[in-house]
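Below, each structure is written out as structure tokens.
Each of the two complexes below includes subunit A, the first together with subunit B, the second together with subunit C.
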Partner chain A sequence: MILDLHTHSIKSDDGRAKVENYCKWIRKKEIPLDGFVLTEHRQYDSESDYRALEDEYNLLILKASEVETDYGHVLVFGVNEDLLHSFDFANIRLPIQTVLNAAKENGAFAAPCHPGRKRVGLFSHYELSGPISDVHTVEVFNGGSIPGEDELSVKQAAIHGYKGFGGSDSHVVSRIGYCATTFESDSITTVEGLVGELQSGSFGPISLRPEPKNTTTEP
Partner chain B sequence: MAESSGSVDIAEARAEWVGVEFDWAEFTIDKDAMIQWALACGETDERFIDPLHSDFQAHPSFTTHCMSGRLFPKNFPQIGGGFGIDGGKTVTAHLPIRAGATLSAITTIADIFDKTGRSGTMVFIVQRMEFKDETGALVSTVDWKMIKKA
Partner chain C sequence: MKVLSYDDVELGDDLPGEIPDVSMLKVTAFCTAAKHVFERFVDHEAARKEGFPAAIVPGIMSQSLLLAMIHRWAPGCTVRKIDTVFRGTLLVDSKVTMSGAVTDTDDSARTVEVDLVITAEDGRTGVIGTAVIEFQA
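Take a look at the complex of A and B:
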């Protein structure tokens, strides 16, 4: 199954997409996603319940978080009450080791996103401060990357032996599914199931970006 | 927790200032201004541009141009550098605003937070104006973000 592991809704301060509109867009544009994960910035949205939308659109909608650390941004899947009390999700200067350790101890899965990005990507910090031993998986395809960033992510992930996944990092409806992750399993139905599949390593990144429109005309 | 912008601790600033009211203003809603605003927005729905329409009302974004007298409360700390840039406004329309209405607006600091991105660390200060009509009913809420370099 194919999941977009990195999306933002209006619950994020810079998100402009309503979750239902993501669902409508996926179905209208026939984007081959089986679901998506809402990774709101610096928070975990424990209130929203998307089960009705899941049923209506036959999509899996899971919730996670994107937190900010001294080594860049990190996606955390499998957020639970214990993890929420482990560190302040709103703090933009979290030590990455704190996040990795807390995720591991609480049955969650933490992975740096857009690692090839300047300032907020893992590998830009590796140049300055050296690698982190507990990182094992990174987002190598990110729908918000500018040219060169994903290429750097793929190259550095290979150098460090990291597993890669993909996510659109969509903040507007039309960007969902630009990048995603394909899983060998077709039976993920819960965030716990997602964490299990991420831990198993049975997945890979895919790019579903639309082909750029050719604006040139034949002479 | 180390969370600072220059000499200002963002968490402390948030705790001290979020929710503080600092400006109070009244606005009389003028029919011609309503129409001009709607037309400037490219609006074609007659509810917003035809004063003879039975449901004539201000365009939902009309209140975004109603400026309060102050940008920040008195003694508000200098957070981040310089004057910052306009981070845009979010408007929530609760009830129709009619021509001739007198709205009272109260402005508060709604949020202070920071975030990191390609450009480095930025601080966001959110100013909220809540507009109520003569009956005290909330008709519009405008959140205005100001962005500063940390």
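Take a look at the complex of A and C:
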């Protein structure tokens, strides 16, 4: 199955996408996603319940977080009560080791996103401060990357022996599914199931970016 | 010329993309008209001294360019809401690209919601946003 593991909704301060509009867009555009994960910035959205939308659109909608560390941004899948009490999700300078350790101890899965990006990406910090031994998986395809960033992520992930996944990092509706992750499993139905599949390593990144249209004009 | 009506619009439609003129001449003219003249917008060297790679396009101009794109697409419509997020700088005298897409429709209100994006020359997303557009009955 194919999941977009990195999306933002209006719950994120810079997100402008309504979750139902994501669903409508996926179906209208026939994007081959089986679901998506909402990774809101610096928080875990414990309130929203998307089960009705899941049923109406036959999509899996899971919730996770994107936190900010001294080694760049990190996605955390499988957030639970214990993990929420392990560190301050709103802190924009979390030590990455704290996040990685807390995720591991509480049954979650943490992985740096857009690692090839300057300043907010893992590998730019590796150049300055050296590698982190507990990183095992990174987002190698990111829908917001500029040319060269994903290529750097793929190259560096191979050098360090990291597994790679993909996510659109969409903040508006029409960007969902630009990048995603394909799983060998067809039976992910919960975030616990997602964490299990991520831990198994049976997945890979895919790009679903639409072909650029040559219709841009100068008014 | 046929004017676009609500019935012509579908979820998933793209707005015609545009490459707006963000030359120093045009940006300076905008800033002067808007009484929004700051060195970082109208002087490359001064902007570099502030830490920018070059002069930057002001946010209110980016939003205005997006509004102009909407009205070229749907003349006569009313923009009920526009909400933009400035995620990165757009440089004066660079080539930036605007795009939009219809992401929701409301038959009873005859409104559509659109995504709006301005992409910088290097591919970075400079501005994102949404707008709600009402069509005449």
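Points to keep in mind about this one:
Going forward, the second predicted complex is superposed on the first by the 213 of 219 C-alpha atoms of A that agree within 3 Å, B and C clash if a C-alpha of one lies under 4 Å from a C-alpha of the other, contacts with A are read in each partner's own complex, and residues count from 1 in each chain.
What we mean here is this: a residue touches a chain if its C-beta (ideal position, glycine included) is under 8 Å from a C-beta of that chain, and two chains touch if they have at least 3 such contacts.
Just so we're clear, the structure is a prediction, and the values are computed from it rather than from any experiment.
In the superposition on chain A, A:Ala90 makes contact with subunit B only, while subunit C stays out of contact range.
Touch criterion met: A:Lys118 reaches subunit B, while subunit C stays clear of it. By the document's definition of touching, neither partner reaches A:His160: not subunit B, not subunit C.
Once the two complexes are laid over each other on the shared chain, residue contacts for A:His41 go to subunit B alone; subunit C is not touched. Comparing subunit B with subunit C, the partner in contact with more residues of subunit A is C. By the touch criterion stated above, A:His73 is placed in contact with subunit B alone, subunit C being left untouched.
By the touch criterion stated above, A:His136 is placed in contact with neither subunit B nor subunit C.
Comparing the two complexes, no residue of subunit A contacts subunit B in one case and subunit C in the other.
Residues of subunit B touching subunit A in their complex: 1-3, 113-121, 124. Residues 13, 41-42, 68, 73, 88, 90-93, 117-120 of subunit A are the ones touching subunit B in the complex. By the touch rule above, subunit C contacts subunit A in their complex via residues 11-12, 14, 16-21, 68-69, 72, 83, 85, 87, 97, 99, 101, 103-104, 113, 115-117, 122-125, 128-130.
Chain contact summary for the complex, subunit A toward subunit C: residues 14, 16-18, 21, 24-25, 28-29, 144-147, 171-175, 213, 215-219.
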